[in-house]
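Structures incoming, each one as structure tokens.
Both of the next two complexes hold chain A, though its partner changes from chain B to chain C.
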Partner chain A sequence: MSQKEIDILKRAILREKGARKAAEKILEDKSRELYVTSEELKTTNLKLEQLLDEKSTQLQGVFENIIDAYVVMDLKGNIIKFNDPAVVLFGYDIDNEPLNVINLIYKKDYKYAMKSFKKLQENGFFTNYRARIHTKNKDIKWVHINASLIFNKQKKPIAAQGIVRDITDLKNLELQKESLLKKVEKSNDELQEYAHIVSHDLKSPLRSIDALVSWIKEDNQEHLDAASLQNFELISGTLEKMENLISSILSYSSIGFDSVKKEMVNLNTIVQDLNKILMIPEHITVKVKSKLPTIKGHQTKLEQLFQNLIGNAVKFMDKEDGLIEIDVKETPSYYEFSIKDNGIGIDKKYHEKIFKIFNSLNERKDSTGIGLSIVKKIIDIHNGEIWLDSEVGEYTTFYFTLKK
Partner chain B sequence: MTNALKVLLIEDDTIELMKFNRTISSLALKHEIIEANNGEEALKVLEQKENLPHIILLDLNMPKINGIEFLSILKKDETLKHIPTIILTTSNNQKDLLECYKIGIAGYILKPLKYEEYVSKIEKVLSYWSINELIKI
Partner chain C sequence: MKGIVFTEFLDLVETKFGLEMVDKIIEQSELDSNGIYTSVGTYKFSEMLQLLQHLSTHTGIDIDTLLLVYAEHFFSVLEASYPGLLATYKDPIEMISSIENHIHVEVRKIYPDAELPTFIVEEKTENSLIMIYKSSRAMHHFGLGLMNKTFEHFNSTATIVLEKIKEDGTEVKFIINKN
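Entry: the complex of A and B
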């Protein structure tokens, strides 16, 4: 081997050494990188594992802790999983006895159940299913179910899950409420009917007495002295009072019975019309101080309300210049009305009593003691309140509120 | 020219019957009054087709067949349904009023408390019907 050749070889070896060194360096770098990466991977994996654990625990927690029954079934309806409330609700031990949802469905709700099941398949979920189910010991329960499909990685449905709530008590309450309402309605009708019959039966004898008395009077015109004639007048007045009383009781017991719907009622029109109907004497002025509102309520009842209050003010007016002032104040949620008169006034000790039935303060033929109790009842129906302010011999102001 | 009417009064209360008759005689009216104490009696009266009343005055509250039941029977009969029937009652029950007009009545008179008022109401009803052209057999 010549020197030249040797040199070439030496150079080649040197080159190779350098290359190897470089390669070793790269290898070292790479393996370091790999180590770091694998370390990172390890941490990430650990994190993932922790996350998975966490989620599983959470899910387990949800599964175990929800009060509602949780059910998982396969696509054929075979139950795969029951949580504890589900076991309690349905009464089946699915680890030892296979169970299909079909066996749970109440016969009459079968069609509805199938429809909902179809919906689940088509849309992937259903909500607000309400129907009856059979439990193992043949009890019937009302349940509310929200259900959805469970999908695998390829987005193919593999099972379905549902949250089942026992609404038997709620449903029973609903049914109970319905039947109670019907009963109340029926007995209200009966009561109304009864009130009419009683009023008829009570009024008939009064008419007879009036007729008989007027015949005695007619047939004995010449033989009756002044005292007897006056007594006949008293009988007549008493009969009238009795009849008024019966009519008032009937109208009092009728309030709140009719099922007429609330409508928009213009109170200005009501008061204007009343001024015509009530035959207000000339010495009494009725003044409406501000424009009255239109409110939602029962037309005839609101008429009755104003008629009774204005009527009372007219009836118990003892001044030569009678003044009745109607006013209204508006608040965000209601109107506060006032009807003020400068009549005889009402002593403070009677302010509560006057709203109770048959508590007329005045012995008068045209006063039955029912008017203000009717007023109170009408205001109650309209969710309002009534009170008064008065000075005996000076004035009386009735205040009442009606909801907007 | 006013007609003398043949009036069928269906009323179970004796004093109410007395009131009606006294009213007729005190007003010196020439109408012929046929009395029936209840719906059944009235239906018997109406069986005599050759002697039908021109108008019927009907009380609502009666035993056995009540006024509304009687009215329904009447209005289902091809001949009798043409006889104007006026209700004479104490009941101002809106339900009764509506039901009566639905079945078909020629008037609804409330019996007042005062006898004088009763006389005046009856006088008006009868004078109204006596100036009407009525179906006669």
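Entry: the complex of A and C
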């Protein structure tokens, strides 16, 4: 072998050695790099696993702890998951019997259910779905459902979940309430009609008695002594009182049946008009201390309210300088009115009793004992309260509130 | 340029012209690598260019022909190394037309820093294909050699005409008609 050939071979060998070392270095660097990357991946995986465990536990907790039924279904409506309350509500054991949501829908609610399902697909959720379902043993239950789609990482819907609440009891109560209200309305109508008939039937014999008594009196005018004439006066007075009583009962029973809608009522105008109607005697002054508000209520009832209270103050005024003061105070949610007079006053022991029907404290012809019960009823209708403060022989102040 | 292109090249030179030729072209070139190549390394393209030029000078064979022959040899390397990739194709036209969208995608997974030419399909029928080759390396004949061997691999042949769009060969039209 020539020196030249030997040199060529030597150089070739040197290149081969160099290449081997270079390759080894590259591979070593690569493996180190791979090792580091794999360690990083392991750490990241561990973190992810922990996170997943944590989230799964949380979800499992929610799934097991919620009182409402929780249902997961695929996009075709096949039930995938029931929590315990769901099993109790629907009665199916989905691990052993496949179930589609269609089988649960009550026939008459089918259209509504399909509409809601469409909404779920389009918007990703629906809330406040209320309809009936069939349970496994053919019971019908009312349920309330909020539902939403479950998406995968690519934002594609893969399933749907819903929280289902059994509202059967609530719904039954609602239905019961409705039918009760209807019944009450009907019996109220009947009662009012009855009151009309009764008052008419009661009044006509009264009028007959009145007529007969006045005829007897006229026919025997010259034969009757002073005491008898006095008694005739009393009979006539009693009859008149009786007729007033019947009229009052009728008006009392009519309050609350009025289906007239509430409107804005200016109380200033009402009080001004009342001063004319009530024919207040010269010696009594009615003073409105502050401007009265305009409130939402029933015009005629509010008129009745002020008429009764001011009327009472006038009726039981025993002073020569009579003074009736009307005032109002405003609070955020209601008005507090006061009507004060310097009349005979009311003993404390009657303060409760006076608002009850037929409790007149005075044996007067023009006092039926119904006025304050009407007042109380009107205030009740307007969600207010009434009370009083009084000193016998000095004053009486009636306070009442009306909602704004 | 990937090391495997150098190692396979020098192996082929050794087989065809002997170890002395290998030694000569390395000694005459100015190489940062000193001619030390490993298939897993990456080296400058200018080194390949110098080796090719010196080989061309010594053998009197033009560079395009050298590249063509080398490519035909290189195809067998690919056949041996990536039989799975080749097996996904049933037809040479299909395989060649998918260089850009499939083969190069796979290459980048293994060699993210590979500098690859682009092959844009301009026209394609069942039996013909027109592609535009673009690369600053101007190694169109390397591509031609690989294509010839591709047809051979599927037991068929083709007439492939090269039309230079740019004189320096950095943009070339390949007109391929299956025989």
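Basically, the second predicted complex is superposed on the first by the 341 of 404 C-alpha atoms of A that agree within 3 Å, B and C clash if a C-alpha of one lies under 4 Å from a C-alpha of the other, contacts with A are read in each partner's own complex, and residues count from 1 in each chain.
One rule holds for everything that comes next: a residue touches a chain if its C-beta (ideal position, glycine included) is under 8 Å from a C-beta of that chain, and two chains touch if they have at least 3 such contacts.
Note that the structure is predicted; figures quoted are calculated from it, not measured.
By the touch criterion stated above, A:Ala23 is placed in contact with chain C alone, chain B being left untouched. Judged by the touch definition given at the top, the superposed model places A:Arg15 against chain C, while chain B stays out of reach.
Contacts of A:Lys115 after superposition on the shared chain: neither chain B nor chain C is touched. Residue contacts after overlaying the shared chain place A:Arg207 against chain B, while chain C stays out of touching range. Contacts of A:Trp215 after superposition on the shared chain: chain B is touched, whereas chain C is not.
Of the two partners chain B and chain C, it is B that touches the larger number of chain A residues. When the two complexes are laid over each other on chain A, chain A has no residue in contact with both chain B and chain C.
Chain A meets chain B in the complex at residues 196-197, 199-201, 203-204, 206-208, 210-212, 214-215, 236, 239-240, 243.
Across the complex, chain A is touched by residues 13, 15-16, 18-19, 22, 61, 90-91, 93, 96, 111-116, 118 of chain B. Looking at the complex, you find that chain C touches chain A at residues 7, 19-20, 22-23, 26-27, 34-41.
Residues of chain A touching chain C in their complex: 5, 8-9, 11-12, 15, 18-20, 22-23, 26-27, 30.
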